[in-house]
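In the two complexes below, subunit A is the common chain; its partner is subunit B in one and subunit C in the other.
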Partner chain A sequence: MRDRIDSPIVLLGCRLLSPYIMLFGFYVVIHGHYSPGGGFQGGALLGASFLLMRVAGGDEIGRLQLKEHLAKPLAILGVAIYFGTGLLSILLGGNFLDYSFLPIPGMDTEWLRYTGILIIEVGIGLAVMATFIMIYDNMARGEEEDD
Partner chain B sequence: MIYAASSLPYRGDPNNLMHAEESMVGSKVIGSYAIQNTYLDARTPNFVTVILGDYRAIDTFGEQLVIYTAGMITFLLLAASKRRKNER
Partner chain C sequence: MFWEVELIIYIFIVLSALLALKVHDLLVAVVMMTVYSFSIALLFVAMGAIDVGYTEAVIGAGITGILFILVIYKTTRHTKD
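Let's look at the complex of A and B:
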């Protein structure tokens, strides 16, 4: 990142583009039940919207969106959401990741499975997004400290 | 590759091997079961999501762990090398 040229036009374009990519990423995660998409694809889009700001604006502007040390807890949270869903259904008497045992009142088996898929997709999206940011941050920091 | 692609079966032909109820070795094929029953099982029109998120959920958990492990490896390797450089 040392040879980066400060160009306000590039920064403005990325600032314009980044929220729309993020919105589309949320859409892909949430709408995965009805259209092509899901956690991995939506998480990649969410990660791309953060990485665009980091590439265009450097570390200081990128950190305004998401702090560097927040990426690791978010990745752990994503994995924990997925694993916790599976563990909860074990504790309530089912198999691992058997969503029909989830403790949500007022839902029959089919809607419980629908909700369970949505929960794990959100978990996957969080983990993928945070992992992309973590990989970029670690590699960029390693390059900066080489000199 | 173009020569091989010319002998692929026509997409959507109901007599294709992948749409048969039983495979060549006699085991059951999940394809037609998934197409017929995913909406009844999980109220989700996109049956790829149901297969990935419900029927094969443990496999998807493995995929997520692979991505998470890749991120943690970059953190551990680069943070450890930085610490070693500071000690020198």
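Let's look at the complex of A and C:
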């Protein structure tokens, strides 16, 4: 491994940039169902904001944003949101991912479909973000320190 | 889109791909790959595929560059054997 040189300017620039990338990622996830973008792109933007701090600050500073052992539960939570929504509509009598059967009170069919896609996008975004962080952490940890 | 804009993007794609192949410093090659991905994303947007261009810009120009830089820092040019 090459020697790292600690540069406060690079760290300051990445600290300035990372929250704005994260905010744009949230924007893309939330507006994904009726504009370009969506769960995958927004999740990749969220993951990129975490990876930027991990590349710039090294292990200690990068772990302050999101701990390494939190990535796997977040990915499982995202997949669980996706399949929970799909299986809930099967249990209530519809097809898989048929959003009009979701049990949200006070909504007609169009609003149920609109909200169902939003829930799905949030699940995909969480899963993609956590998976990118997991890939980076496993590559940075290396083979020899594996359990 | 105007064909002049697409022509400029095509020239950027070819130049950055050739530079990424020919250059000896690996960090410069990674940056040229990023430029290549972003130019391809611009070309997708110019052709009307906004979603594909979005994905290419985020994955090709963001995540892949970070992972390549990590791989460069984790490896050495000369073997230890």
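By our rule, the second predicted complex is superposed on the first by the 139 of 147 C-alpha atoms of A that agree within 3 Å, B and C clash if a C-alpha of one lies under 4 Å from a C-alpha of the other, contacts with A are read in each partner's own complex, and residues count from 1 in each chain.
Operating definition for what follows: a residue touches a chain if its C-beta (ideal position, glycine included) is under 8 Å from a C-beta of that chain, and two chains touch if they have at least 3 such contacts.
Values in this document were obtained by computation on a predicted structure and should not be read as measured data.
In the superposition on chain A, A:F83 makes contact with subunit B only, not with subunit C. Looking at the shared chain after the overlay, A:M134 reaches subunit B, while subunit C stays out of its contact range. By the touch criterion defined above, A:F40 reaches both subunit B and subunit C.
Subunit A has more of its residues touched by B than by the other of subunit B and subunit C. Judged by the touch definition given at the top, the superposed model places A:G123 against subunit B, while subunit C stays out of reach. By the touch criterion defined above, A:G62 lies against neither subunit B nor subunit C after alignment on the C-alpha atoms of chain A.
Across the two superposed structures, the residue set of subunit A contacted by subunit B and also by subunit C is 36, 38, 40, 132, 135, 139, 142. By the touch rule above, subunit B contacts subunit A in their complex via residues 40-46, 48-50, 52-54, 57-58, 60-61, 63-65, 67-68, 70-72, 74-75, 78-79, 81-82, 85. Residues 50-51, 54-55, 58-59, 62-63, 66-67, 69-76 of subunit C are the ones that touch subunit A when the two sit in their complex.
For subunit A in complex with subunit C, the touching residues are 1-2, 4, 36-38, 40-41, 44-45, 47-48, 51-52, 55, 132, 135-136, 139-140, 142.
Contact residues on subunit A toward subunit B in their complex (touch as defined above): 32-36, 38-40, 71-72, 75-76, 78-79, 82-83, 86, 96-97, 99, 110-111, 113-114, 116-117, 120-121, 123-124, 127-128, 130-132, 134-135, 138-139, 141-142, 145.
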